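For clarity, chains are labelled A, B, C and D in written order, and residue numbers in each chain start from 1.
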Amino acid sequence: MSDATAVASVPMQWVGPLRITGNIAAIETEVPLATYESPLWPSVGRGARISMMVEQGIVATLVDERMTRSVLVRAQDAQTAHLAALELDARLDELRGITRTCGKFVELIGFHHEITANLLFIRFEFTTGDASGHNMTTLAADALLTHILKAIPGISYGSISGNYCTDKKATAINGILGRGKNVVTELLIPRDIVHRTLHTSAGAIADLNVRKNLIGTVLAGGIRSANAHYANMLLGFYLATGQDAANIVEGSQGMTVAEDRDGDLYFACTVPNLIVGTVGNGKGLDFVEENLTRLGCRSPREPGENARRLAVIAAATVLCGELSLLAAQTIPGELMRSHVRLERRHETTKIGG
Amino acid sequence: MSDATAVASVPMQWVGPLRITGNIAAIETEVPLATYESPLWPSVGRGARISMMVEQGIVATLVDERMTRSVLVRAQDAQTAHLAALELDARLDELRGITRTCGKFVELIGFHHEITANLLFIRFEFTTGDASGHNMTTLAADALLTHILKAIPGISYGSISGNYCTDKKATAINGILGRGKNVVTELLIPRDIVHRTLHTSAGAIADLNVRKNLIGTVLAGGIRSANAHYANMLLGFYLATGQDAANIVEGSQGMTVAEDRDGDLYFACTVPNLIVGTVGNGKGLDFVEENLTRLGCRSPREPGENARRLAVIAAATVLCGELSLLAAQTIPGELMRSHVRLERRHETTKIGG
Amino acid sequence: MSDATAVASVPMQWVGPLRITGNIAAIETEVPLATYESPLWPSVGRGARISMMVEQGIVATLVDERMTRSVLVRAQDAQTAHLAALELDARLDELRGITRTCGKFVELIGFHHEITANLLFIRFEFTTGDASGHNMTTLAADALLTHILKAIPGISYGSISGNYCTDKKATAINGILGRGKNVVTELLIPRDIVHRTLHTSAGAIADLNVRKNLIGTVLAGGIRSANAHYANMLLGFYLATGQDAANIVEGSQGMTVAEDRDGDLYFACTVPNLIVGTVGNGKGLDFVEENLTRLGCRSPREPGENARRLAVIAAATVLCGELSLLAAQTIPGELMRSHVRLERRHETTKIGG
Amino acid sequence: MSDATAVASVPMQWVGPLRITGNIAAIETEVPLATYESPLWPSVGRGARISMMVEQGIVATLVDERMTRSVLVRAQDAQTAHLAALELDARLDELRGITRTCGKFVELIGFHHEITANLLFIRFEFTTGDASGHNMTTLAADALLTHILKAIPGISYGSISGNYCTDKKATAINGILGRGKNVVTELLIPRDIVHRTLHTSAGAIADLNVRKNLIGTVLAGGIRSANAHYANMLLGFYLATGQDAANIVEGSQGMTVAEDRDGDLYFACTVPNLIVGTVGNGKGLDFVEENLTRLGCRSPREPGENARRLAVIAAATVLCGELSLLAAQTIPGELMRSHVRLERRHETTKIGG
């Protein structure tokens, strides 16, 4: 193995601008998407254009944020595990104190535990400032685990990660208990824009969303997921902004809701597991710094604010691409036609979702 | 939106060599991994080193391959949907003929259908030569759907994709019915190598695998998944070889099995949904061509052989990283120590899975 | 342990009549429901009344039937497992012959297999005449497994049941590949009946179905399930007709679809895993024989016809109860009011779903 | 529909005695099981016999108890839903006060909420004394919902149940957040008893448990489930003790853990969703009163103690049947042989799980 580091040069374009309002920021910005699937750019671009036609744009509401790491301890028996869990509950403040020694930006919010046989899974929840927090929380979890094993009798080391976190695997626990930024984006599109720009109707999109995203995914045996292709937008955005893109796995588990409101389209994407940061791994690269700066996410702000800003931009980007694909799929043959149009302009294309 | 295409330069290293045998190829090769998470390189490297110490290396068995696309049609009622499904079953040869008009390399293997209310989901299964097949199967599905809507009465267009495919969402259907390449990799590691190189024991790894990967993931509400971090290796490999990396979502759903065989370690990773190709989107880029060539996947071979070769290399890479992380997690504090060691060598690091 | 057998006397009422048409039978019949939850009776009764107001009644379409048992074999390695699977595929006729020696009514339709590491799961699919088929398929699977272990080299006994069947556990495989009778029931209710009898509107029921049964269940981490309370109706019906009521577990995994069609309500329940029979365990009891006879399911017919008739009656009963509860839940306070009304009439009540 | 109530006479036997210790009670008791599947009796009986051979018997640890009901409200938009959720968090004491007006035994422990688009799901958690609590919690949820809709602006009625509870459907949320009694049972069986009574070895059972219950269920697409047939024992026990047996659906989602400890067998069953009570629906029936009395669950105790006692007896019964079936399945042909033996003694039989 040579230590020489080369680069994989993933094509990247800025798409937009799109308009975002909501409880985090009022923004008009282009967004960078790095991908081998070039049709993603015009697809997100079409959604972005619509966001600019609506006064409020995409309303992005961040409803939760936390980062997690679960440790596993093995007890002599279930009763010992149960007593250990009760003991932990009583020592929250102590555990918070230990966490504080692990870094300036990491805070223990709380934890959740579950016992199976003589195994005790402890899922710690932290805030991590502007970092996505993978490392910070592992460091803190390691310190907490070391402390717990000393302080509580009858238990021994199981694992620094018990897969109950859950990192880069699609599970139900992340959406239910929270992991990463949970952002709801909403766009209310007047009827004439639906017709003129998307060439379809609110009713057609609402019906398709129920039949494809909800019923189709349920029948396929999906888990906490009802969308067409969140993973595509998240991959492009994560790569362009220096995120750990393997977190698109849990990012892919969001829900699209569409309603026909007297011909207007209410379109909402809930992305409960956005794992993004503006500092940390991958952020030292020049193009990443440039991109984050251009997105306004490297400005001097309170810790966490830049990351929240980045999260709502990511979520709004998801909405743009999801809206565009769903609209296309309401129309027989449209996906193929846009494919052919694009083939004339680009060398390579892909038809997604 | 400017049309100017820049690049996201993702750091890439070649790791290995690793040794692969099995029903597809006998290979010794380094593998390229593009990632912002530099600890991935030494982690995969450690597994690769072990594969070279064992005569057979990693035995990779490709047990299935197919690519899918599901269409959705809406019938007047369930009885009409049922009759349409029976009619389709009777017309397999006809549908195969239509598929053949869609391209030289796309073949219809068969299809699976499911009825809910008056909705009929039809999941077509194809072989696609050396392409991963997203576009080819969408083109064929479009032609098949158009034909079906004309040929069978009482049904109408629902969607060109019914989310029953399933693309880039974690579901159960892909693993059960097949999508992409299904590769099992196995490595039988003598006891002394487990001790000397991994600093642990076969029993410790087998126990951890049950408690973390199986029990932990089940408790977290996972779906057809029991592994530590397949997504990390797949992301790095997919980016380096021009794959659509959003397919790590279903790629993340594999199963690790570890057994203590009298002190020797039997370690197996089953990756049922590898969506990889050696031609198609993302493959025109220079560094991708170079990487595929260096991996021996651009040689003149029968259609499909290069893609199968690429698939077993991807799967073996997954095993290397999975083995290394699990071994580390059997040892309290090891993850943190290796993190600190790496921090001295690299600027940025990440502690995974 | 004394061997004396007492009885648990579960309260039972006949509810209805309800009207059924479709591809199995045209029936008007009352249905027996045994339950401790007496509100189930008027709830199903209300749905039944509506079925009688509509000319076609509930249209029940049986779209599939099969019974399954999975065996598990362990191979030397994945390659041996793979070769064994290919060998099995080539020997379908031989396996059919062995199955025929196991009973007059059991026929092997086919099988599905999956490999993980060196484990080979084989899921046999049978028709079983008028029996639900638990025993028949276990007998056949035992004979098939014994034969396979002799005929194919390199494999050994794993388990007579590999949980890949899947019996009495909620999984995705049963719905996707089929297990038991798969029945779709549909009822198209004119607008005025919706208003007059259910005191609500088609739109309100359709909206509730999306928000509660689809979105709510997905968020709760459900698996292939979108309904309010199929399990309640199935329990009552299974107990009253001598079925193995533990099969309500997979029975609970069905999907309700509701559409507002210009004010009329299209209401459909798909119950893909009805495990019912008219012969076999539990059928020798006097009250069971009486109930089956009164349902017209003990008449001289071709093998399987009585069981199919029973299945569509079960499925129609599910629709009646599901419709009634959903309608009630569209109206704030209605569940409580009906509860109070019932309390005056019955000693014990329960508010479901 | 006639209002005449007949009975379904389900065969019932008392099985055991079994021995239970742990944090709830030290008991030696027979247990009643009502079922059409008579092999269940000797199967549970064999496990019970083993519990009597071990000094501590089955150690049952109750680790949690709560009953839940989720309501659904619809907000103007996500931001309004978010503010409503924050408002609720601040009003916990107020909501507790309202709950207290709903009954003597119902207490609000807390609640969990989740937002998707403009929908707010609120999952209330209660203690309910000796009742399983279906009705009590619905009454309280109705009062709480009515209050919330008045007190908080911008939200309207969605549903009295949002399927996020979750009642009688298999989901992930119940196990993660708790619903019903969560009981872990453990039995440590000396090597010679494993050999002499179960005719197998600890290693064989541990291996089977991993391959069948864990790997097999994961591959089948199970959700938070890894056991052979908990549903069978729960059905028999629930019917015999007047429980709402449709709750075996979530009851079926538990996890079996088996370890070979130097030849001794550590065997544990975790049943996280036991929905049982000693008062309420179904409890007025004579045989139910007799059964509960004979189980010692109608004695004057603090509220909740009788129900907890019943829960640990139910959980221990689950362990007995699970152990017996798994042991049998380690031995090729054993299931068929015991079937034949039973057929000579009983008229009807069934081979389970």
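The rule is short, and it goes like this: a contact is a pair of C-beta atoms (placed from the backbone, for glycine too) under 8 Å apart; a residue touches a chain by one contact, two chains touch by 3 or more.
None of these values were measured; they are calculated from a predicted model.
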item: Copies chain D and chain B - interface residue numbers shared by over half, same or different; value: same
item: Chain whose Cα centroid lies at the greatest distance from that of chain D; value: B
item: CA centroid of chain C to CA centroid of chain D, Å; value: 21
item: Distance between chain centroids, defined by C-alpha means - chain A, chain C (Å); value: 37
item: Shared interface positions of chain D, touching two or more other chains; value: 114, 116, 119, 171-173, 175-176, 215, 217, 219, 221-225, 255, 257
item: Residues on chain B engaged by chain A in the complex (per definition of touch); value: 1-17, 30, 32, 34, 36-37, 41, 45, 48, 70, 72, 74, 114, 116, 119, 121, 134-135, 138-139, 142, 145-146, 149, 157-174, 176, 208, 211-213, 215-217, 219-225, 227-229, 231-232, 234-235, 239-240, 242-246, 248-249, 252-253, 280-285, 287-288, 329-330, 332-333, 335-336, 339, 347-353
item: List of chain B residues in touch with chain D within their complex; value: 172, 175-176, 210, 214-215, 217-219, 221-226, 255, 257
item: Contact footprint of chain A on chain D as seen in their complex; value: 22-23, 59, 61, 63, 77-79, 81-82, 85, 112, 114-119, 171-173, 175-177, 182, 184, 186, 221, 223-224, 255, 257, 268, 270
